[in-house]
Amino acid sequence: MIKFKVKTETREAFYEITLEVQRAVDRSGVSEGICHIYVPHTTAAVLIQEAHDPAVARDIVTHLRRLIPREAGFEHQEDNADSHIKATAVGNTVPVFVEQGKLCLGTWQGVFFCEFDGPRTREVWVKVQG
Amino acid sequence: MIKFKVKTETREAFYEITLEVQRAVDRSGVSEGICHIYVPHTTAAVLIQEAHDPAVARDIVTHLRRLIPREAGFEHQEDNADSHIKATAVGNTVPVFVEQGKLCLGTWQGVFFCEFDGPRTREVWVKVQG
Amino acid sequence: MIKFKVKTETREAFYEITLEVQRAVDRSGVSEGICHIYVPHTTAAVLIQEAHDPAVARDIVTHLRRLIPREAGFEHQEDNADSHIKATAVGNTVPVFVEQGKLCLGTWQGVFFCEFDGPRTREVWVKVQG
């Protein structure tokens, strides 16, 4: 398992981590297989989405905020129940295929770390199966 | 493939199954690899979320009920279209890394079976790849 | 990696692809393992859901449209920010277990390609690990 850190700077934002994940694939030495990306947090997520126009990520963050407002009479007492629900909607793990040592992403796809309760220093775990 | 049952007691609730999944890993004999957890139902899901404060799971159930009400003019005639949509939002499968025979979960993470159309006796399927 | 195409005929609809995925498993020659299904697009998704009553898929499409309307003051300028958000909610990849050369699906489950910005000719990528 290869781990790397993501330093987030605001409560909610997406950070592209495609290069960091590719570096983990490089370190693994696997040329053909599957790269599993796993976020060990409960108020953050990982997502494969459009990496070309950064407005897409901002629109997702904004709309999740509309659907899951911070104040909605939640029971959990840490003022971040919304963050847990947003992370649940997006998911904490995705696999990406690896061929010839490279992540196989669609033309517009990138890998994003999704912060929903920052700013914090977060971890991403990667395991590449040959 | 290892299967185990989950007996749910109400229409909607989350049940922590971390121990049952760890037992499946033990039975598999795999010490390093990936444990895939799969729910073979269409109105239930599996989720990795906070296992410390049970209010988090309740807040997720409550908020999904707000976003996806049982009565919303659905076409499907079994009074559980909402259950299918909730299961879709959460997802029916997650992988967890395994090292030294143990599930690698983040500090606050547990594995939850998510019932959205109980009470029922449900199945969880587990496959551990070395 | 095995690829196949899905031709979609409307802006939003789900298409069952269970047979196409089973054919990819057949071609892989793997009799026991995991079949990973991956959508390389950012406005489409893949989902395991009920394949018996087609009303379930329609209810999911309809309700996602209620929660994520096409016009909601989005920043992204291609009139499909909603499609990206719907794809995010559903997810772009799922694994299915394979035993004796067959996909292991629950009684009511099928694999669906979810179009959120059609009509288009789309791709699905499949990798089967033994």
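A, B and C are the chain letters, set down in written order, and residue numbers restart from 1 in every chain.
Note that a residue touches a chain if its C-beta (ideal position, glycine included) is under 8 Å from a C-beta of that chain, and two chains touch if they have at least 3 such contacts.
Source: prediction; values computed, not measured.
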item	value
Pairwise touch network: line, ring, star, complete, or other	complete
Turn needed to bring chain B onto chain C - CA fit, degrees, nearest 5	120
Approximate Å spacing (C-alpha centroids) for the pair chain A, chain C	20
Where chain A touches two or more other chains, by residue	67, 89, 91, 95, 129
Footprint of chain B on chain C - complex, ascending	33-34, 47-50, 53, 55-56, 58-60, 62-63, 66-67, 89-91, 94-97, 99, 104-109, 129
Residue ranges of chain B in contact with chain C within the complex	1, 36, 38-42, 67-68, 72, 74-78, 81, 84-85, 87-89, 91-93, 95, 123, 125, 127, 129
